[in-house]
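See the structures that follow.
Both of the next two complexes hold subunit A, though its partner changes from subunit B to subunit C.
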Partner chain A sequence: MSIITSPTTSGQGGPKHGGPKQATRKQGRQRQGSRRRVEPIFYLFLVPSLVLFTLAITIPGIVGIFFSFTDSIGIGDWEFVGLTNYIAIFTDPAILQSYLFTFGFSIVTVIAVNVVAFLLAVGLTSRIRMKSALRTIFVIPMVVSGIIIAYVFNFLFSNSLPSLGAAAGIPWLESSLLANPDFAWVAIVLVTAWQAVPGALLIYIAGLVAVPGDVYEAAEIDGASKFQQLLKITLPLVSGYVVINIILGFKGFLNAYDIIVGLTNGGPGTSTRSIAMTVISGFNGGDYAYQMANATIFFVVAIVISLVQLSLTRGRNAL
Partner chain B sequence: MSVKLTRRKRFAAMGLGLALLAGLLSGCAGEPDKETIRFTFSKREAIGFMTKLVAEYNASQNDTEVVLDTSGVDVVSASFVRGNPPDIALANYNMETSRFVQRGVLSDLSGTDAASRIREDLQPLMDQYGSYQDRTSALPYSVMASSVIYNKEIFAANNIKVPTTWTELIAACDQLKAAGVTPFYATWKDDWTIAQGWFDYSVGGQVDTLDFFDKLAVEGTEVGPESSVSFQKDFEQPVAKMLKLATSYVNKDAASRAYGDGNLAFSQGKAAMYLQGPWAFSEIAKTAPDLKLGTFPLPMTEDPQDLRVRVNVDLAAWIPEASKHKEAARDFLEYLYRPEVIEAYNKSQLGFTPTKDSAVVPDPRIEGMVQYYDKSQVYQGPSVLVPRTIPIMNYTQALVFGANPSSTLSTLDADWARLAFRQ
Partner chain C sequence: MTIGSMTNNSSSKVERVNWSATTVLVLCAVTVLLPLYVTVSMAFKTQGQAVDGNAFSFPAPFSLDGFVQAWTLTNFPVGAAMSLLVTAGTVVATIILAAFASYAIVRNWERRLFRYSFFYLLGAMFIPFPVVALPQIQLTGRLGLDNPFGVILLATMFQLSFSVLLFTAFLRSIPMELEESARIDGATTWQTFWKLIFPLLAPMSATVGIFAFLYAWNDFMMPSLIISDPALQTLPVRQNLFQTQFSNNYHVSFASYLMAMAPAIIAYLFTQRWVMAGVTQGAVKG
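Now for the complex of A and B:
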């Protein structure tokens, strides 16, 4: 940062000290100096992560893409089959369904998480009692592992709620939400949101705390109601954080796996199979190459989404 | 000074480390002239039994040291990829293991004494998962038969005889229902229980799965409404019968009950019949050790001659081609197949011994299936013969939850054809 800005400051300050010539010379010297100052040891610091990333991500990724053009099952002999796997994917309703489900689920969950987290954050940054205790309580779900949450909720949905429903005589509550092919996804959204809200909440709290108090004072003097303040001042001022939360959340939900496995395992039927689940089914189902092709397509989709997100966020200061 | 001190410390630490390492190494090596072989076995219920057996074998001779490795099938698959597979394995014989067979990574066992003692009529069950050239890639070790488990006390109290035809079965169910007894306990939350029991028993009781899947493989990409065999044609009737049982004669909360709940409920006498395999007996016995239970094949037709039980090769033995200790592994294999060893194992797990010379002394709980197994009136369930990449368990779950049977079965056909296209 300072390397870029310091020539500008010296350029601005230049005329005060002497002629523009001197300033240019100084600038040049400083550039050279800054270049010399990058010690080779800094490059060494990059090596561990570079090596790890290459070994654990890049190489396996390339190997996976390579095998997506074969009929490999993960072991033994294999042959090249060209684009067969890719052609098969585009006519496979199961894969198509997993994409539809995953994207639909991600969009709904992102909206749910952000609405809840934002409202909670507004509450937790206003003048209320036991603020820090409440903040701690709301953040707890974040530190529990997803699969544990899923199993606990699985028990609640399958046993506790139905027996409550039976005791209270509410017929629709008697059958498990997870056993309903049309609404099992609602349960998944609920549980995923329950786990994801704290993360978004923390970011919103940080954003809300950063909003200066005087703008509210000014608004109050102008006679704005609390609701107008929320809508016209708070929301625009934390819009950067909204974007961050939406991006982070959406990316995470596209990879949905553990909570779904723990709750429905893709069921009832195949109504809640996510993309990650179909990809992993290739490993234990002997369909390695095919699912590698699926993963490659998903990779491309993820890159496209990331590029769109990057271009959306570039203009925002909060990021 | 401080530098010296740290240096001295460093030397001390290094020395200590070396000493530890040496100790570890000598501990590993044990007796240096013994050949070590790695034996993979991951059936949880029988690990105790196998640990004892391995210890006995190691004590009985001085050439080989068998190390028991209990990692599951995923780890084994990975070990093949790394070129470091186990030297010998006893593993569930299914679509996953069959991949090793089909790609030729298992060695030929046809020359072993054990291979010559296997019942020939079981070979089709092995071949059904494919083979590689003329190799005998795997030998069956333990065959599990499964059928309807029934509560003898409830049957006796209601004066019901074991049904041998579909009509008798429905009559029995109606009678139980009228007496306020739930006929079947179903656990639909766990989709495998539907596939393994409801779906497989219904289809296998009516369709010759050996023949069906042979023809289906020939049809390949052509499988569909027009092909000579198809799921939508051949499975339609069995599935309709399954759904009749599933909609009229099960516990009300079946949709949210899991396998564990089912074992508990059945042990408490909450239903008369239970569609599970012999593995459930030990679970039921945990809460009701004295409950009198029996088994009978689910009758799907009007002819008692059609009665058959579902079997699966619960364990098969194989030795990878990449093993560096094949001879030692074969010696251990012969030991495993000694009549007293293999019979003791199968007795302990309520399995059937696949050797010709086995003298069967069945547990009363599986007595009802012995005559069918002996006459090889058996079938392998369709749910295990469909490649794992087709989510058949999910489909069967969708069926009992009310999905349209004909569209679900034609989805199965389409999946099969697509798989054939790319493989």
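Now for the complex of A and C:
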């Protein structure tokens, strides 16, 4: 910074006063100084965060990876067992199922959330009545606690819908969706999407508002239909926002926990157990080291996904 | 332009209200409001009406029995105090620590320590909480932090990455000249930060604070695992703890849900402009 500013200051006021000379000297000293030592207060600003971060995240991370190579049950004696835990995980059907469920659920939810949020955003930015009231309502799910709204939906799925089904004589509605091992995941997708749509919606609205209106006028003159405009103009212009939403959403859904606890608690059986729930089961289940190996694999998977996503977004930094 | 294409597109033309879109959106809004309506109406029902199987009926007669029972059963005042403590602590700690660290990082970017610290703190964005949860439970237990303060510490650290990213991006856009003029007036770095930088950061602090608030107030997973004493649990965890005791007293459970949800919804309704702007800004910049 000082390198850029010093020539202009001395150039502007140089001949008249002695001041600029002083300023140049001072800035030169500052520049030298910054190279030699940092003002101590900056350490005071930075160090608390570094120390607490290391204590709260880095050390537990290292401890966890360390114990994944042991047979520890969380307390007491332990021995190194090498890669035993890791080998066992790859043949554990319960773990494989939790990965399949979590990834399948995340992909379906990401698609559902983005389709709904995008269409709602198109609607909310078009010429409609009650625009601000509707926007206010659509954002409410974002501020509601996941587990609590899951309990509310739990009641609707297991009490209200079946009694409605019985009254209307619709047989497939009469039993609870949550008790069906093949379709309980649908309920989890619905509730997760219900809560995740607002975040994606706000981002899409920001993207749509930034699209200049004359593009559509030109398209209309060329005879493009509303649907063609949506597909050929709007969607490409907000594609950067689509990528953001997919990344943010996928990251969150992979950690799914709260809503599942409130809806099915992993059931029926273990059909809706997420990776997070499986890992946490190591807390009480006595297989601490085993679940730490699972967590370590999950960590590697999360990093790989993040890197893939980062490389996908690299070209879109213009946003 | 033919007449056909004009009528086809007339809905989007200036001053014409798109009624079909409005109708569809209103119907969608109903699906958002329906679960919330059910929560409110169930909470005000009597026990007899709450178990009759019709969730959508209006409470008749209005009853506060659910609230009275939920208040004492879940010990609502303590739960609310714990939620408030965790939320306020996380919001304040996140804003202060992230603003401090970001200012130090941006102003000393040419120093290796500060540059590497930035990437180090950012690393947590890639670490899901479940990955480090088990060792964290042990660590907080050993340090006597298996209480709301431990949750504040951990929640703040998980919010730090994202917040530092937002603050540093914003700080880079503040011209150095502003700060230099304060320095010439004799202000120390500490004074410059509080009198000049921190006020300038206000819009970003609002964004960071909103994210921290929503996370800390609504989270179930972390407090349920970290806080060992059920008496010190936050509101979302209490709903889980008392799930079996609510049993078929739906008016009690829904009154309890409503009391736990309402503060965040009411706070949102009063601050929605900032919440919407903050979330958009946070997602697009972060």
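Some notes on this structure:
Just so it is clear, the second predicted complex is superposed on the first by the 269 of 319 C-alpha atoms of A that agree within 3 Å, B and C clash if a C-alpha of one lies under 4 Å from a C-alpha of the other, contacts with A are read in each partner's own complex, and residues count from 1 in each chain.
Note that a contact is a pair of C-beta atoms (placed from the backbone, for glycine too) under 8 Å apart; a residue touches a chain by one contact, two chains touch by 3 or more.
These numbers were taken from a predicted model, which means no experiment stands behind them.
In the superposed model, A:231 makes contact with neither subunit B nor subunit C. When the two complexes are overlaid on their common chain A, residue A:127 makes contact with subunit C while staying clear of subunit B.
Contacts of A:83 after superposition: neither subunit B nor subunit C is touched. Of the two partner chains placed by superposition, A:115 touches none, neither subunit B nor subunit C.
Touching more residues of subunit A than its counterpart among subunit B and subunit C is C. Residue contacts after overlaying the shared chain place A:203 against subunit C, while subunit B stays out of touching range. Legend: residue contacts after superposition of the two complexes on their common chain; A:153 is shown touching subunit C, with no touch to subunit B.
In the superposition on chain A, A:282 makes contact with both subunit B and subunit C. When both complexes are overlaid on chain A, the residue A:218 reaches neither subunit B nor subunit C. By the touch criterion stated above, A:74 is placed in contact with subunit B and with subunit C alike.
Comparing the two interfaces of subunit A, the one with subunit B and the one with subunit C have residues 74, 159, 282-283 in common. Contact residues on subunit A toward subunit B in their complex (touch as defined above): 71, 73-77, 81, 84-85, 88, 91-94, 157-159, 162, 174-176, 178-179, 181, 265-271, 273, 281-287, 290. Across the interface of their complex, subunit C is touched by residues 1, 5, 34-35, 38-39, 41-43, 45-46, 48-50, 52-53, 55-57, 59-61, 63-64, 67, 74, 120, 123-124, 126-130, 134-149, 151-153, 155-156, 159-160, 163, 194, 199, 202-203, 205-206, 216, 220-221, 223, 225-226, 241, 244, 248, 251, 254-255, 257-258, 261-262, 275-276, 279-280, 282-283, 288, 291-292, 295-296, 298-299, 302-303, 306, 319 of subunit A. Of all residues in subunit B, only 73-74, 77, 80-81, 95-96, 99-100, 102-105, 188-189, 191, 253, 255-258, 387-389, 391, 394-395, 397-398, 401-403, 411, 414-415, 418-419, 421-423 touch subunit A in the complex they form. Within the complex formed with subunit A, the subunit C residues making contact are 1, 5, 8-9, 11-12, 16-19, 21-22, 24-26, 28-29, 31-33, 35-36, 38-39, 42, 53-56, 97-98, 100-101, 103-105, 107-108, 110-111, 114, 117, 120-121, 124-139, 153-154, 156-158, 160, 164, 176-177, 188-190, 193, 214, 217-221, 225, 235-236, 239-240, 243, 250, 253-254, 257, 260-261, 264-265, 267-269, 272, 275-276, 279-280, 283-284.
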